[in-house]
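As C-alpha cells, here come the structures.
Both of the next two complexes hold chain A, though its partner changes from chain B to chain C.
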Partner chain A sequence: MSLLHFLRAMWGIVGRELWRFIQQKERFISALVRPLIWLFVFAAGFRNTLGMAIAPPYETYILYEVYITPGLIGMIQLFNGMQSSLTMVYDREMGSMRILLVSPLPRWFLLICKLIAGTAVSILQVYVFLGIAWFYDIQAPLQGYLLILPALILDGLMLGALGLLLSSFIRQLENFAGVMNFVIFPLFFMSTALYPLWKIQESSALLHNLASYNPFSQGVELIRFALYGQFNQQAFIYTLAAFIIFMIAAIIGYTPSKGMMTRKGGD
Partner chain B sequence: MGSCGKTMTAQALKVEDLSFSYATKKALNNVSFSVAAGECTILLGQNGAGKSTLFSLITRLYDTRAGKIELCGFDVKQQTRLALAKLGVVFQQTTLDLDLTVTQNLRYHAALHGMSRKAANLRIAEELERLNMLERRNEKVRQLNGGHKRRVEIARALLHQPALLLLDEPTVGLDMPSRQAIVEHVHKLASEHQLAVLWATHLIDEVYPEDRLLMLHKGEIKAKGTISDVLQITETDNIGAAFKQIAKETVL
Partner chain C sequence: MMKKWLLATGLLAIFALSNAQAETVFVTLEKDNAIAVVDPIAGKLLKTIHVGQRPRGIALSVDNKLLYIATSDDNTIRIIDTTTLKEVGQLPSDKDPETFSLSPDGKQLYVSNEDDNLVTVIDVAAKKSVKQIKVGVEPEGIAVSPDNQWVASASETTNMVHWINTKTLEIVDNTLVDPRPRAVAFTADSQQLWVTSEIAGSLTILDVKTKKILKTVKLEVQGVTAEKIQPVGIAIDKNRRFGYVAMGTANRVAVINAQTFAVEKYLLVGQRVWNLAFSPDQKRLYTTNGISNDISIIDVENQKVTKSIGVGRYPWGVVAKP
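Up next is the complex of A and B:
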C-alpha cells in the first residue's frame, strides 16, 4: 500500500467527478442560475429596502448586491455539498458506491476523496459565478479573488462533510426532500448570507443567536472577509472545527462496524 | 491471475462459522465453506436465502460479527485492504457509469487499485480482448446491451488480477446466448487461470458437471460438495430435484 496508490486513487475519484460535472451541462447551468437569480432579482429588489451600515470588512457604504455575494457563494457551496450527498445516496442505491467501498483503500480516505472532488466542483462554480458578477459591477479587489481560494476550500470541505454525514443517515433517495426543508433552508436563512448579524439582532435575539452559531454563517463570513483581503480568525476556527466534527461523524457513519450501513442492509 | 501467491494458503476464500442477523431476522447461521484456486463454486439459493448478506459480508459492506472470513489467508476484518486486493466482484446491479466510455470506467477501477496508467492500459486491453470487447472500448456504456455491460464488468473485476471472483447473479435479465457466453467465459477463467470463483445464482442450468455446489436455504448451508456429493446428501438424481428438496425441508 504505497503513497502512489493513494494518489492514483484520489486522482481517479476526483477526475471522474470533475469529468461527470463538465459533461452534465444542465447541472452546471442550474447550479449557476440559482445564485444569479438571487443576485439579479432578489438583491436588486431589496437594494432600497435594506440599508447597509459600514461594517467590517467593508470600508464604504455598499450595495445590497455586494453584501449578499459572499452569501451566494456560500449558497453555491451549500447546494453542492448537499448535491454530492445526494449523489452518494444515489450511488448507494444504484450500487456504484459498492465499487468504491470494495476497493482496497481505507474508508476514511475514500470519503475524503469524495469530499475533495465535490469541493473542487463547487469552487469551479464559484469562480464562474464571480466572473459573471464582475460584469454586473460587483467587483472585489483583485487579490481577493486569490485570497478566497483557501476560504472556499475550507467552506466547501465543511459543507461537503455535512452532506456526507447526512448521506450516511438518509435511507432512500426520496427522503432527500426532507434535507431541503430541514437542512438547506434553515442553514441558509438563519445565517449572515442575506442580512448582517446586527440587523438580525434588531428583530430577534433568538434568531441572532442561531445565526451566529450557524456554521454556514461562519463559512460565509470567512469568505466575505477573505474576498476583501482580511482574515477572520473566529470564522476560520469555527469553520475548521465544524469540518472536523462533521468529517469524523461521517467517517463513523460509514464504518461497517459502527455505522448505519448494517442497519440499512435490513431492507 | 488466479492464485494467492506462493506463500499464501491454498484457499482463496475461507468462511468459518459465519452468522449474521439484522435487527429482527437471522440472515446467516453458522455458515462454513471454502473455495480453492481453480475451483468454480456455485452458490444456489432462492431469494432471501442469505446470498446477498453473504456477499455483503465477504466484500465488507457489513462487518463480520460472529465467525471469520479469510481471503487468501487475510482476515477481511483485520487485514481488510490486503484481503480486498485479492477480490474481484461483479454485483447483481450494473455498477458502471453509463455516461463514461468503457475505457474510462475501467481506468477508474484501475486507479482505485493503484495501478499506473501504463499497467492499466495493458490490462484493460488484455481483458477486453479476451471478451471480444476491445473494439468497443471507446463507446459509452449507455450504448452497450445488457450482455456487453456484463462483460465489461467481468473485465473490470479482473483488472487487478484477483484470486477470487465473486459474481452475484450476473446473468439475470440477459438473453440466452449472452448468458451462455458469460457462464462459459467464467468457467474457462477458473480452469485455465486458476481463478477461484464463487457464483451466486438460482438458475441451475448454469452449473457445470465439474463445479462444486453450495446450497443455501434460510441462512443455512444445507448441502455442499461436488454434484455427486450433493445428490447423495439430498437423495436425489438431479440438481433441480435437490434444490427443490432443500427448499422444502427445514433440516436435513
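Up next is the complex of A and C:
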C-alpha cells in the first residue's frame, strides 16, 4: 500500500463528510442556531454579571458575551464530536460502515480519517460563528483568528475521539439520548464555558474541582487563550493527553478481537 | 566606517522611537493619600508616591514640568516636580479643594471650595489667592475656556452653571441645567460647554455665545438601571469628533459624536468610572475607576478598551505627560 493509497482514502472520508455537511443546509443552519441562541438570548441576560475581576487572558473588563464566546466555540466542537459519533452508529446500522471497514487500510487510520473529517466540519462552523459574532461586536485581535486554528484542531480531535469512543459503546441509535444527558450536558455545564473557575469556586469547591479536571474545560481554555494570542501550556498538555487516551481507547473499542464490537456480537 | 555609521543611526532611531513613546500617567489615589505613576505603553504601575491627605483634582503645568494636586483634607494644592516627584511648593486653595482648573497660559488657577460656596482664584507665579468669588451651593466642576475668556463653575445643589468673566472675575451669567451638575468641559474652539448631571444621568451641551442649552443628551445603557447612570468626567477631542463621558457606577464610558450629539457606543471599563484624560497625542483615553481600584486604557482610534491596570485605592483624577 502506497502513501497515495492512504491519502486517497483520507480524502474520500474527509471529502464525503464535508460534502455531506455543505449539502445539508438545514444541518449547517441548525449547527449555527444553537450557539447563536446562547449568544444572543442566554448571554444577553447575563450582560452585567461579569466584569468584576480581570482574569487572564483578558486584560480588561469584558461583557459576558465576550466571555462565553470561546465556550460556545467549544460547544460547537462538542456537538460535532457527538454528531460524528452519531453518524458512526447510523453508518453501522445502515451498513455503510461495513464498506469502510472492509478497506485494506488499517482500522486506526480509518478512524483518524473519520476524526479529521469531523474536526474539519466543526472548524468550518466555528469560523462562520466567529464571523457573525464579529458583527455583534465580539472582536478579538486579528492574529487571534489565525492562532486559534491549531487550538481548534486539537480540541476538535479530542472531542471527536471522545465521540468515537462513545460510539463504540452504543449499539443502537435510540441510545443516543443517553449520550446527551450523561455526556454532553455534564461536560458542557461543568466547565469553564459558561463561568470562569473563580466564579464556580465561590459556589462550590466540588464543582470547581470537577470543572478544572474536565477535559472540555481545558479545551475551551486553550481556545480562549489562543483567541487572545496567548498559549496556555497546561490546557494544551491536558487536551493533548485527553485526545491520546480517548483515541487509543476508541481504537481498542473498534478492534474486532478486543473491543466492544465482539462483546456486542458485532454488527 | 559604514558599519559604525549604520550602527549610530540605528541606535539613534531606537532612541528616538523609545523617546517618542515615552509617556507617563499620573493618577491621584483618594484613599491611599498618594499618586500612582503609570507607564501606559508597557501597561505597568511604576510607583506610588505619598502626597498628602485625600488627593483628588490633578493638573499638569503648561510646560509639563509641574503637577498641581488638590489634597482636599490638607486644604491645599501641592506642587510636585514631574521629574524628581518631590514637592516644590503649595498653593493657597482655602478649604477642601476638590476640583480646579488652570488657565491656558498657566497663570491663574481656579479652585472650587465646595463647603464655602466659593471659587478661589490663585495667581500661580505669586502663589497667592487673588480673589474669592461667591457662587451657588456646592460648586464642583470648573473649567477655563481655551480662549481664556470664561471660567465655567457648576454648583451641584443650585443646578446651575455660573459664567465668570476672566477679566473682571465677576459672574456675568447663569444657566440652569439638569440636577446635580458634576463636571464641565469646553470644546477646543471654546464654542461649547459640556456639562454632566449626575442625578439626571444626562449631558447638557451649552452654547458659549448665547449661554443657552443646545442639546440635552440622556444617557441610557441597556440592562443598567437608571440610578446607576451617574455621568461625571468629560473629555472632548481637539477636532471635536468625539466626546467621552465617564458614567460612574454604570461602569461605562459613553462615546458621543460631538457633531450630532448622538451616543455611538458605551465602552465597559472598571467600576465607578470617575474622570478621564487623553494621552498627549489623543490616541488613548485613560479612565479612573474608583471602586475597582484601577485605570482603564481606551484605544481611541478603534474605540476599544485595551487594558486595565491596578493602581491603588480610589483612583480619582488622571493626567498624562508626554
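One rule holds in what follows: the second predicted complex is superposed on the first by the 261 of 267 C-alpha atoms of A that agree within 3 Å, B and C clash if a C-alpha of one lies under 4 Å from a C-alpha of the other, contacts with A are read in each partner's own complex, and residues count from 1 in each chain.
What we mean here is this: a contact is a pair of C-beta atoms (placed from the backbone, for glycine too) under 8 Å apart; a residue touches a chain by one contact, two chains touch by 3 or more.
Just so it is clear, the model here is predicted, and its values are computed rather than measured.
On the superposed chain A, the positions of chain B and chain C stay apart, so the two partners fit side by side. Touch criterion not met for A:I252: it reaches neither chain B nor chain C.
Of the two partner chains placed around the shared chain by superposition, chain B is the only one that A:R16 touches, whereas chain C remains out of contact. Counting the residues of chain A that each partner touches, chain B and chain C differ, and the larger count belongs to B. Look at A:L100: by the touch rule set out above, it reaches chain B but stays clear of chain C.
Once the two complexes are laid over each other on the shared chain, residue contacts for A:V128 go to neither chain B nor chain C. Once chain A of one complex is fitted onto chain A of the other, the partner contacts of A:R8 are limited to chain B, with no touch recorded for chain C. In the superposition on chain A, A:L63 contacts chain C only, with no contact to chain B. Of the two partner chains placed around the shared chain by superposition, neither chain B nor chain C is touched by A:L207. Of the two partner chains, neither chain B nor chain C is touched by A:L240. In the superposed model, the vertex angle chain B-chain A-chain C (Cα centres) comes to 160 degrees (nearest 10). Closest contact between chain B and chain C, by C-alpha atoms in the overlaid model: 47 Å. On the chain B side of its complex with chain A, the touching residues are 22-23, 25, 53, 56, 59-63, 65, 80-85, 87, 89, 91-97, 99-100, 104, 107-116.
Across the complex, chain C meets chain A through its residues 43, 222-224, 251, 268-270, 292, 296-297, 304-308. Against chain B, in their complex, chain A makes its touches with residues 1-2, 4-6, 8-9, 11-13, 15-16, 19-20, 23-24, 94-96, 98-106, 256-257, 261-263, 265-266. Here chain A touches chain C in the complex through residues 44, 47-48, 51, 54, 59-63, 139, going by the rule given at the top.
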